């Protein structure tokens, strides 16, 4: 297994955002995390990315205990992540953004630039290469985030709603991009609350509700799971985007 | 006995620190904005008091009110003409704007009132009362008590009135507050008015016992920063508590180690506390 | 074209200066005196008061004032040895910044082409400004800076008309010896000093002289002049109970001390203020109820109506609405000494003025201050500078020591305030 | 191909600064030039951590002061040339930077600014009571030079070129830094610390390195100041105005830009000198009213600094230079 989470819990005071979540992701898989807003999938995701330290439980990546490792250690070991609200480096150009990621494996500026250019080409941002990041729209920035992470040569990519808020055409393009990344041999964990996206991409799905994993398995099975249906219908699946925990 | 006397002196001074710092903490917490001109507001409060006494023959109540009102207006004007424009700009522009404002206010006062030291003419507030051997100068006592009452009043206003909850709503989540029909701009202008008004009264209270010149604001400004950071940004009870603590620490360290060490002790504790508990004594974690 | 714009900006700024400088230079026959004082910043009050005093002094020299008796250059208009040439004052503001003082001294010498310089109040600024004068060979009159080592650095061009810290300290010791002879009890003294260069220099000097004179210093309290509460220090004093407390303080703090002492019911047998804060015109109205009998060091006394000093004070008062204080008066005296030297030099040649300064020998009756004269030693220090002690009686200071100059009787112990 | 258009303003600037003393040879203009260079050096040094890394220190006077005291202390204690003190100043500043950087960089935003103010004030007050460093009275340099190595010159000219050399070194260093991984990391940290960490940027370590580099150059600026002025006291070394001036100059010109501080100094120093020349002697405080007013206006209308204005005027040129 490339990534394993054992009984991960995260609490804020008395409130458990995630309780006893288990996950194992094999090399080359695409795993989806779904669930209504506030279900705990983002918190769990942040635990995986090293942004939050679990209250209890264990996270193992490629045989190494990552439970308490800081985010930068995750990046070094090959775990890359995107943010729900794109956190591109505003004011820096697109290529400079990608170079920040590229520097992780290419300390010299020239090498980093070459690497970044390749990634930019791959992610279809070439035309905007010299623009400032803030001049890109949301889809562009999401794409830029993916490019930036890709530049760190990750083995595992954690995508946090990277496909949310896109128009149908944009969505199709984005899905193509994710597939392309997957074809490069990169394992992907993707958080999404739009079922359709998960259905087309993920090989396996974990459904969250109220901090618990309520179902897991093949996407077509999980969407039929009663608990999942109830969680989505009961809570309303298209509420406004909530703040990440 | 001596020690008790020192403690009383420290607390009375600390009460004033609390009052003018509570104004600073209000806008700091609400807008995440450092006001380097806050000490100048205190200084202007002192001059307004002097004007009220000299030209209107007002007593302590009149000049206290006059200073509060004048500074409230100034606070609102400063917000509407300057702060609202730099509020969402880079942090450096914010520092720049209030630092420039501080110079502007200090030297405008300098121009109008000259560099000479002034003090209020002796008012009815003089003398000393003796409580079980502890001497309490009446001006300081009155100033201290009023300062504590006003700080508590400010806190109650924020927590128990509609306007207060609207102010807090804006500081919590600007967007959500707008959805609730609150006009953030108006609330923030109000916060600046309150902040400057509190500084104005604090100035009036200081003026009773303390001579000043236009450059007096600098000292107050730095003290207020320490108090606010100690108390936690945005916390009025924190400012009250931290103000009293700072006053007390200054008095005790002045007594035990000598007055030049009192600021060293305060700054050292402040730095140590920032490291141990960056959210301040009573700030939100 | 960015660089070009920068270049243009530099050129524009520089041109502005050049025009300004050109406007400043005029070909009048006057003697230019560049005066560097803190006209803004923390010491602005002292700088502004001294500026007014210097303007009065220039008026006295430039116009005929026969009513002012033996004061040199008063009777005639202008400098008689130079065909009635006038003094032209150029004031600059160093803001209390030593590096700016240096720059301004350079400007006055090289741009404004002043013939002599005067300044700079804060010792820090006097240090740097005098070094420039020394470099360019322009006489520099230090009007009022206490730190001992401003003179005595081997400088040829620096003169100081005012007494220095050690002079003050010796005066206090002579006074104490006098009092002891009269049977007053002075077993220990306390020194309370603000902790910048002024307070530190004077306090250090007093500690040293007290050791020589065998006067025990029970307590020395350095403090910051921006203090807003001094009760802790007063309680410390109360505990040690010295016979005399010497305050070396600026304005706000000296007022605060006197008021708080009264409030906390602490009254030592005698309080002596070391000039500065105690001489500020706002001091007496603020503490008249609290500090009756407090003594102060001053070489300045307004004197009886009709006296020269009284008339000078009237001129100053007409200009500023306030009485002349000791600090400004000492600056004024230094100014007169400088003007006298220029007149004797009969030329604006710096070397001749310097020579005339070294030969200065003013007698007590030619002075407005209570010095024994003005005479510079080889380091440029006035060796005849001295000081009086005055005491707060009701709403004004009276000269009480030394006896031969006294106008009122010394009260010992002090009466203090109402409490 | 890219280098030539990017460099030509630099060349013009360099030439302008090199020939300034030839055109304005009066001692006063030279002194203004020296003051300008010193301000540009200090603000450029501040810019490394305050501008590029976005960690707004309002206590940089602590490094300036250490750098300023070291040369004169060496002279006072051992009679050495003040120059000998410069490395000691740097060493002390680096040590202090590490000492305060480790705990302080856990703080963000205003907390960091406040902590730096407090540390600088702490040191200022302490130096004012410390007899070894002359307490409140401060330290003086050699009154007259014993030789050229005392760096006590009669003319301002040598200072001008010494300062200009230091500025050139600092700006070249910054230029290289901008193009190095370190520079990219700093800019990334400034806009998004969390995102930077997720990309493997060692945030803590990078910030401390930036502070150390900034402290080194600020310390050198302090040393240059005290050697040139021949005097240092707690207020002129560690005073809050010293720190604030660095912030203002960098912010006025454009923080986080190579030439930002230089442009800021180019505006502020002539402005200060001119207002003091025109209004200072009157003693009305008009100097500061004008000065404060202009600062307020720039913050209000050009919050990104004058450099941003430039960008708007010539967007094409900027894009080519900065985006490549």
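The chains carry the letters A, B, C and D, assigned in the order they are written, with residues numbered from 1 in each.
Note that a residue touches a chain if its C-beta (ideal position, glycine included) is under 8 Å from a C-beta of that chain, and two chains touch if they have at least 3 such contacts.
Values in this document were obtained by computation on a predicted structure and should not be read as measured data.
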Contacts common to subunit C and subunit D (chain labels): B
Chain located farthest away, centre of subunit B as origin (C-alpha): A
Chain ID, smallest distance between chain and overall C-alpha centroids: D
Inter-chain centre distance, subunit A versus subunit C - centres from mean C-alpha coordinates, in Å: 73
Mean-CA-position distance for subunit D and subunit B (Å): 32
Whole-Å gap between the CA centroids of subunit B and subunit C: 36
Whole-Å gap separating subunit A and subunit D, where each centre is the average of the chain's CA atoms: 42
Residues within subunit A bordering two or more other chains: none
Multi-chain contact sites of subunit B, meaning residues that touch two or more partners: 107, 110, 115, 260, 263
Junction residues of subunit D, two or more chains touched: 125, 128-129, 285, 287-288
All touching chain pairs, where touch follows the definition stated at the start: A-D, B-C, B-D, C-D
Subunit B-facing residues of subunit C, complex: 40-42, 44-45, 47-49, 195, 221-224, 226-233, 235-236, 238-239, 251-252, 255-256, 259-260, 263-265, 280-282, 285-286, 289, 322, 418-419
Interface residues, subunit B side, partner subunit C - complex: 2, 5-6, 9-10, 12-13, 107, 110, 114-119, 121-122, 127-128, 135, 137, 140, 206, 209-213, 215-216, 218-219, 247, 250-252, 254-255, 258-260, 263
Complex interface listing, subunit D residues touching subunit B: 50, 56, 58, 103-104, 106-107, 109-111, 113-115, 117-119, 121-122, 125-126, 128-129, 240, 244, 247-248, 250-252, 255, 284-289, 291-296, 298-300, 303-305
Residue numbers on subunit D that touch subunit A, as the complex places them: 179-181, 184-185, 187-188, 191-192, 194-203, 319, 322-324
Parts of subunit D lying in touch with subunit C, wherever the complex brings them together: 8-13, 16, 20, 23-24, 26-29, 31-32, 35, 125, 128-129, 135-138, 140, 143-144, 154, 156, 225, 229-231, 233, 235-236, 263, 266-267, 270, 273-274, 276-278, 280-283, 285, 287-288, 310, 314, 317
